[in-house]
Amino acid sequence: MKGDAVQTTLLRPGPLRALARDTHLTRLLVMLLVLIIFFAIVKTDGFFNLLTWQSMAIQFPEFGLMALGVMLTMVTAGIDLSVVGVANMASIGAAVVMLSMAPKGADPATATGAIAVAICLALAIGATAGALNGFLVAKVRIPPILATLGSFELYTGIAILITGGKPKSGLPNLYGQVFAGKLFGLIPVPLIVFAVAAVLIWLLMTKTAFGTKIYMLGTNATAARFSGLNTTSLLVRTYMISGIYASLAGLVMLANYNSAKADYGSTYTLLAVLIVVLGGVNPNGGSGRLIGVVLAILILQILSSGLNMFPNISNFYRPLIWGGVLLAVITANHLSGRRSHRRIAKRKGLPQ
Amino acid sequence: MVENVLAVRGVSKSFAGVQALSDINLDIRPGEIHCLAGENGSGKSTLIKVISGVHDPDEGSIEINGVPHTRLTPVEAIAAGVQVIYQDFSVFPNLTVMENLALNTELASKRKLVNWRRFRRIAEQAVAKIDFSVDLDQLVGRLSVADKQLVAISRALMSDAKLIIMDEPTTALTKKEVDALFRIILDLKARGIATLFVSHKLEEVFEISERFTIIRNGRAVATCLPEELNRKTFTQYMTGRDFEDAHFQVGELPAQPVLEARGLTVNGAFSDVSFSLRPGEILGITGLLGSGRTELAMTLFGAYRKDAGELLVKGSPVQFAGIRGAIASGIGYVPEDRLTEGLFLERTIADNVVIAQIDQLVVGGLFDRTRKGTSAAEWVRDLKIATPDPENAANTLSGGNQQRIVLAKWLATKPDILILNGPTVGVDIGSKHDIHEILRELARAGIAVIIISDDIPEVIQNCSRVLLMKAGRITDEVDPATVTEHQLAELMTGESDQEGERR
Amino acid sequence: MSQLVRKAIRSNEFYVFLVIAAVCLLIQARSGQFFTANNLVDLANAMVVPGLFAIGAFLVIVSGGIDVSFPALASLAVYAVTRLLVDSHYQGGILLPFALVIGLGAVLGAFNGLFTSRLTVPSLIITLGTANVFSGVMQGALSSVQIPKIPPAMADFGRGSLFVATNPVSGLTSSMPVSFLILLAVLAAVFFLLRYTMFGRGVFAIGGDGSAAARAGFSVRWTKFWLYVIVGVIAAVAGLIRTCGMGQMHPTNLLGMEMMVIAAVVLGGTAITGGTGSLTGVMLGTLLIVIVENSMILLGIPTFWQQFSLGLLIIVGTGISALQIARSGNGLRAALR
């Protein structure tokens, strides 16, 4: 049909199509490379110092893991604002277990056992919290932004109740040694945790039926139900994964700060959302790629650490730079989108 | 010589080398009821947009009340008396009827402050013009589709319109509402306001139109009076092809029904529906909007929970645990509104085709993309989906091809029973015939098919049995071979006091 | 009249009112202190700043967007003005601080409006970016620190009271702040704007169907832009009131309030998707949250329970609303799995 002919010639066939079409990813990649080159030239000693990279690698997994969870929920056209609350709840739970099972001065064997139990508990807390989120979104049908807003307050509230608002410290040294340590004395463990977690989520999203299903669900929830997808189960699982990743983030924070407190990471909520959106995930659901989110995390972390290398520029400029980058990227997307829309519209004969 | 209210002279329009309109001539006399008929992709939407000033023609001119325009803007078109009512009505569901009616006028007079009494006066005047009685303080979102349309029409009339263009106005209306709409159009005529409406529903078109213009491939191929047309010539003009109107003949059927409904009831929708369906049959269920036919389809598909009665699949009673239960029992459903219920427009054609049986493509916990690609390619080939690449997005296809995708999705699940609700709505005649042929082949292969449709010719030609539903009950069963279209239409619209239940 | 009453009873706002009444009675029963004059004045005092923020958030939500930048906007506007006045040893009246804050609030609001009116990206994302920018400018460029001594005019304004209410039993006194009048004034102004101006109807129209609004003749871009300017002004005024009330400028005091305010708006019956809602509901929602937060003490519940209760309130409140929506679709949809 004539109509078909017009429309289908717009898409260039071939494997390069995906990359060429995804100008957002290209833009992020370019930005990252520019940043790296800039810092390499301007702050050479800092740049080629292993310590710089190591300290980055310790920090970004905290919010990076949370961002991974938020990304998954955003693909389903939802959002998870409770990640920080879950992380704190999980880290506090782990701390409590470790403190009670292996108080100060306990032998390594007991400590190991306590740590193992603590980790399992933390993950279980994350999964349960996530399941509750999923239930509220899928069954009670509360808009995700409101459901996870409420659950964030709830989980933070629980954390406050357990700790009385005070930090929990005095963890067995073994925990910090392992989880805030460096593998081969070189690679920080948090980085390894993040890398493994990222690969797992990448596999989930691209190689499993679950991954395809949540993309479809995020594209059109009604059609998903009518096609026989179990939308409730998909959503609950998605939010559970987000909860588990948040609890992983909590464990990393626990190792990095050697303590757990109900209000750690309070800026991370909006930071995670910023990362995900910067990474090209559409809040309306149905699209977004892990690599984009990873690039966004790296960009923001490098900006942040780069800032540290300029001692005369206060750290407080960080949110300004992050916010500025976000606005710059979405404006650039908009402007180039308009240009290509105008091109497409001209070809289709649509109003511009 | 009476001046035409609208005269389109030699209008051509092309977009990036594709000729959408070629040398179109069309005239509409004052107060005339004119029908513009054409397939999807024929150029009728483009023509409407040119007439209403959204696009400028490459050649030719538009004369409104004798005044020629070569570059018309939408504002000028409205000022000249041309109003278009699009299919979505452009109303505000969250605002009251009164506000919806008054806002355009107030904005046009550049008002800054709101005087609610003035709003009400404007609104009252507007609805009085077509004798539309409605609660002005009701939110438009709560109105029926027909009432929303009447709000749109009232609003259109407020600006001293000479010509009202309606784009497929009867799609979501019950027969009664269609009659009411036609009465209004006639009333407009009496007041000298012409109506141009776009439609492909032949029966309606014949009933009210004074003249037709049929457009195909960007050209006006015929302008005629109703007497000069019948279904055959109409279809010929629209498609340029001759179609065989062969009735579906059912062969030897096994005795055991694959689906049986006994006294199915869903409160408020339908009651005491009983029928049985054997493999190889194409059962038609027809009835007006609101007769309960869609709700019945949804119940058979597990989307609605039944309040009473029994459903048996292959002889055993079933209690579906939702849609997934129905699918597991071998039922597939091609929905009424494919855009919101059937398709994932931004996803690829391949994704859309495999999604219902995606779990079958999982090997060792991982989703096997090669198998998905093969499966998708097979279906694209078998159903002749017009696309160069199954990895293209579904929204790059025409309505007919999109419907084939939905069909493919269900055929991939190898259903025993396939239910289709309005299978050829918004589909070009070529695809329509192809889809019908596919359904007949399915039946010949032993699948049981249910076609739910209010398209009488479709039902008569393709079904081996037809059930009529009215006000939630099955009132008749007819053999399509022995009944004419006219008789069936009569049966459908016969006496009923619970008629026209609104959506 | 009875039709009006019937409509009122079926509205969301009525349910919120019932809930508030129930909570009040509960607290009164437990503590006997709720309906005392000084407690009520305390509540009124506590309502001012969240109430103003909620009005601003409401305006944006009705238009179909979400704004999370208003606390940062307010903090930046007020910090900059306070810093300026303190550094120049300002001794004059309260009008200048207000004027400056309003002006700066408008500018920052315009910054928001510039992006939200032109980009098709959800306003949640845009204001997320601008919130970071505002916060960064304040803490980074202006190196914000706590300003313990604010200009006398501001401090006086913060201490100014309309009247003092005394609790006969405990002897505690609470003074009704002058700023409460500002809340009432803004409430009245916004009410007029929404109900009696085409601009206001445009906000609702855009929230209902943006493209239909454009086709009807509303200037969508212009409306959205000025909407954010107005919201910026309201937020800045709220920030100034908070600073005056506290007697000192604490730059990060307001940060983090955005979610609580949005919850208040939604609990009051405004749909998060836009197009519907009322100022009555917004005030009721804010009142509910303020009551819950402030009355913990009266109930003898340690403040540790505050966030937990807030979270529970939000979940239960939005949950009930969501279930209501699901059930109110015609009876058939209720049967839908």
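We call the chains A, B and C, going by the order they appear; numbering starts again at 1 in every chain.
Heads up, the rule we're going with is that a contact is a pair of C-beta atoms (placed from the backbone, for glycine too) under 8 Å apart; a residue touches a chain by one contact, two chains touch by 3 or more.
Being a predicted model, the structure only gives us computed values, none of them experimental.
Peer 1: If each chain is a node and each touching pair an edge, is that a line, ring, star, complete or other?
Peer 2: If you draw each chain as a dot and join those that touch, every dot ends up joined to every other.
Peer 1: Among the chain pairs here, which one is joined by the most contacts?
Peer 2: Going pair by pair, the biggest contact count turns up for A-C.
Peer 1: How many angstrom lie between the centres of chain B and chain C, each centre taken as the mean Cα position?
Peer 2: 46
Peer 1: How many angstrom lie between the centres of chain A and chain C, each centre taken as the mean Cα position?
Peer 2: Using C-alpha averages as centres, the distance is 30 Å.
Peer 1: Of all residues in chain B, which are in touch with two or more distinct other chains?
Peer 2: Counting only residues that touch two or more other chains, chain B contributes 303, 323.
Peer 1: Please give the residue numbers of chain C that touch chain A in the complex, ascending.
Peer 2: For chain C paired with chain A, touching residues are 66, 68, 115, 118-122, 124-126, 128-137, 139-141, 143-144, 256, 259, 262-263, 266, 272-273, 304-315, 318-319, 321-323, 325-326.
Peer 1: Which of the residues in chain B end up touching chain A in this complex?
Peer 2: 13-16, 18, 20, 40-41, 46, 54-55, 217, 303, 323-324, 327, 333, 335, 340-347, 351, 355-356, 358-359, 361-362, 365-367, 386-389, 392-393, 396-398, 400-401, 409, 413, 428, 430
Peer 1: Where on chain B is chain C touching in the complex?
Peer 2: For this pair, the touching residues of chain B are 90-95, 99, 103-104, 106-108, 111-114, 266-269, 295, 302-305, 307, 321-323.
Peer 1: Please output the residues of chain C touching chain B within their complex, sorted ascending.
Peer 2: 195-201, 204-205, 207-209, 211-213, 215-218, 275-276, 330-332, 335-337
Peer 1: Which of the residues in chain A end up touching chain B in this complex?
Peer 2: Interface residues on chain A, with respect to chain B: 1-8, 10-11, 13, 207-209, 211-213, 215-216, 219-220, 222-230, 286-287, 346-349, 351.
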